[in-house]
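Should a chain be cited, it is by its letter among A, B and C, assigned in written order, with residues numbered from 1 in that chain.
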Amino acid sequence: MFDLVAQSVFSGLLAGAYYALIALGLALVFGTMRIINLAHGELVLLAGYIAYTAESRFGLDPLAALPAAIIIVALTSVIIYLLLTRIRVDREINSLILTFGIAIMLTNGILMIWSADIRSTTSGWYLDSIIIGDTLFAMNTEILFAVIGVLVVGAVWWWLSKSWYGRALRAVSSNRDAAKLMGIDPRTTEILSFAVAGLLASIAGIALYSGKVIEPSLGHSLTIKAFIITVLAGLGSVPGVLIGAVLIGVAESLTATLWSSALQGLVSMLLFLIVLLVMPSGLFGRTRRRG
Amino acid sequence: MMKYLSLIIILAGAYLAVPLQFGGNDYVIGIVVSALTIAGIAVAWAMLGNLGGMISFGHSAFFGVGAYGSALLAMNAGLPVFPSILAGGVIAGVVSILTMPTLRLRGPYFALAMLAFAEIFRILAIEMRWLTNGSGGLLSIPRLPTVFGFDFGSRLGGYFVVLTLVLLTVFVYWLIRNRPEGLALRAMHDSEDATLVVGVNATRLKAAVLVVSAFLTGIMGAFNAHYINFLEPDYAFNGSWTTLAIVAAIFGGYKTLWGPVAGALIVYLVDQFVFKAIMPSGHQLILGGLLAAIVIFSPSGLLPWLASRFRKEAGDAAHP
Amino acid sequence: MIARMISSVLALTLGLGAANADELIIGSQIPLTGSAARAGMGMNEGIQVAAKVFNETNGKHTVKVITIDDESQPAKAVAAIERLNAQGALAFTGGYGSNIIGPASDAAERLGKVYMTSGGVATELSQRGLKTFFRISNATGYAKALAGLSDTLDLQSFSLIYSTRESTAEVAKLLEEIWTAEGKKVTLHPFDPSIADFKPVLHKIKLQDRPEAIAMVGYENDYVGIIRAAKVLKPDAKAIMGTWSLATPKMWQDFPDLMNNVYGTAPLPYPAQFNTPEEQTFAEAYKEMHNKEPDYLGIFGYVQGLLLFNAVAEAYDAGTLNSGGVQDALRKTEHDTLIGKVIFDESGDNTNFAHRMAQHQDGAVAIVWPKESATAEARFPAVPW
């Protein structure tokens, strides 16, 4: 029994770090601009398919596809931002429709380009198992991207709270006009945050492709997962994303071990609800008034 | 005056012209029925969104509960179909009480909490095999009956039923909006402090709107179950019931009375009749582009945009 | 104005369907987008090959297949049937997933036209008393194949991992009944379709169940996830087996490191030995049209298509198209097909449906059960890890 639970928690931690990677891009844009990018999952998926093409066509390692993925996905992300800026009224609500429309286009575009077949890496190293102390099992790719996930969360946190751009971004998000007066160009900082969100989606997409299976209809569920974690974390909290993601990952994994895998979704959603009812602004959300 | 005239024209068109023109074409009527089903959810959703200021991502929960409730009552308790549709709505309304703790959440927190409920209900419907037959679902759910010699189980019969349901939904919405409570609610999400001063119990009003919205959504779910005669958890609690309704409502203008209906009809019918003819597979690509374009060019939704083009009635529709 | 616009658009779209009078129009309602797109495309390829073969070999009639994408949604599947009907379809084929086939075949029944499919296995589909519903495959056939192979291999205990979707849960339920009745030990592990990490489940199987065999009922992405987790945890089982979409050349091609020694259901071995003239015609036409080896979805699509085309042609000749001639033609005789004899009973089920079990053997897909169709010995005990 101890072995089972230990492995379960270990799997859950790894899954959590991976979920954090998926969620981070959405959380960044949401936290800084109050825009829910419903096409975020599709961006992650797009990066996964770029890795697939790089691997199957050119024999490249999935990670080697990262530069190409970043260019394409970050560019797409910036295009989404530029379209969003065209919305003149009621941006929070209308951005839902706009990004939903883009998500539909991306899903169908991916289906047309890459067909409905399932894809996943065939590079042996990623899938080889790693055994820690005879009791904990994982695939190399899970460890690799869990480490990357934690590092990226740290980097984004540092970037937002310590760097000039990050502070500028936060200034813009709390008071656009005041930021302007201080000589910050809101547009540049916001473009930057979308580009970084695209970069984060690219890393997540490579993690997805090299550990799981991708198919064109997957994007929507990735968006939902990312969104759940973002809200659980509390808007704008970067460390919260990691903690929320790990909480969900461990809860799912323990449910599968102690109960049934069919109830994973039930337990993680109940957990989500309970946290929100106890902490209405999420784990690390500041209680702030609207207006 | 113009308002009543156009209402009469719409009603006459819906009850007379459409059946006369397309009554014999089950395909066309079938698509229109699907569009109206979305329209009904969209109105119920917009009611909560506009009056309560609450954006829900989980209305499929009420749709599914209403559908299962009505189907099971008709199949197991032998309840006639029309009463059981009503009962399905009531069950959805009662179930919405479970979700009331989420009313203290704001914005995206509320939206996602509702989504969590929808997901929980979906999994419960899979797991409660003794009641719902699990993922196998329910086949051969009783059709709408024949009343006074008219077969409501036919495509055209279904059309009249869903049309009436949607119109009743709009009517209920209109009634609530024009009551003092409705005005208070709308004032509220401009400034909650204002209502505190006025002395309105905001949470209780929101709860009431939630119940009504869930009831109306449940009715649409129940209708759909008897119309398509089949249910399974993935279908009944499918997130697309929510997303399509949201898209339709915002697209049409969710702050207007008729916007959600117009949005649902246009999005669904144009997609199925025009885009699908142009591009038989993958036509959603065009739909996605259209949605994006509309939001950019007409951010308040389609109806207000149309209204502003016909200046005369602008004041009426855009600022109800 | 709007009404006129809509009706002119309709006239345009409906007008496309007007075909020559001597052509037999068959409606095909198939998911080409949405969640069932993968299966729908495979089945569609088979149906197209069937039309080509029929048109080249029949001599007397030609068929025209009109295909409408149902977008993997029940309401749109029903609409597709009604639209195909308006375009003059004499009968319908297609459909994937019992949840979509159910309402679509209901609509076909109301129109009094035959609905033929291979994509829905739920037992209840053929218990609705429909007269015009036919299918060549069912859940029992899949369950029996897995149970038959396990008997031959003399396996006594199983861990059964299955998706909570409708058709997978159905096959799993039947398997559990068969194995329990035979006095074998079965532990159930249902999983939600959205799960990607199977390590917790496999770890339980390894430490608690310790079965002789692991059985999977799911789809390609589930199989990949399960076998990957098994490769990491290495449970001490003698065999791993699954149902559809597993013992296919495509799975080997995409996931060679996962597939060796895995058993799955398959209608034909690979490389296929096409012996009879019919098999050869099929294989050549398939290669020519789609430039790849036929898979099981294509084979099923081909069989369902050809059965239907022949029945419609027969009813047309007899002048009984409108008086139930198509269903009579399907019911009255045995049909020799690529998947063996097909015999339809009153409910439209193919009573003769039995699947074969194949095993991935170093790139080949060898039929190992039943004995009379076996192309190779089963490798046993053997697992991919």
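Observations on the model:
We take it that a contact is a pair of C-beta atoms (placed from the backbone, for glycine too) under 8 Å apart; a residue touches a chain by one contact, two chains touch by 3 or more.
Note that this is a predicted model, so its numbers are computed, not measured.
If touching chains are joined by edges, the resulting network of the protein chains shown connects every chain directly with every other. Using mean Cα coordinates as chain centres, the one most removed from chain B is C.
Chain A and chain B have Cα centroids separated by 31 Å. Centre-to-centre spacing of chain A and chain C amounts to 36 Å, using the average Cα coordinate of each chain.
The residues of chain A that reach two or more other chains are 108, 111, 262-263, 265, listed in rising order.
Those residues of chain C in touch with two or more other chains are numbered 33, 164, 192. Annotation for chain B: residues touching 2 or more other chains are 123, 126, 282, 284.
Within the complex formed with chain C, the residues of chain B that make contact are 13, 17-18, 21-22, 25-28, 30-31, 34, 123, 126, 134-137, 139-140, 155, 228-230, 232, 234-235, 269, 272-274, 276-277, 280-282, 284.
On chain C, the positions that touch chain A within their shared complex are 33-35, 37-38, 41, 164, 189-192, 194-201, 203-204, 207-208, 220-221, 224-225, 228, 231-233, 250, 254-257. Interface residues of chain C, counted against chain B in their complex, comprise 3, 6-7, 9-10, 12-13, 16, 32-33, 67-69, 71, 74-76, 78-79, 82-83, 85-86, 99, 102-103, 106, 122, 124-125, 128, 164-166, 169-170, 192. Every residue of chain A that touches chain B in the complex is listed here, in rising order: 30, 36, 83, 86-90, 93-98, 100-105, 107-109, 111-112, 220, 224, 227-228, 231, 235, 262-263, 265-266, 269-270, 272-273, 276-277, 280-282, 290-291. Considering their complex, residues 55, 101-102, 104-109, 112-113, 115-117, 119-120, 123-124, 126-127, 191, 239, 243, 246-247, 250-251, 254, 282, 284-285, 287-292, 294-296, 299-300 of chain B touch chain A.
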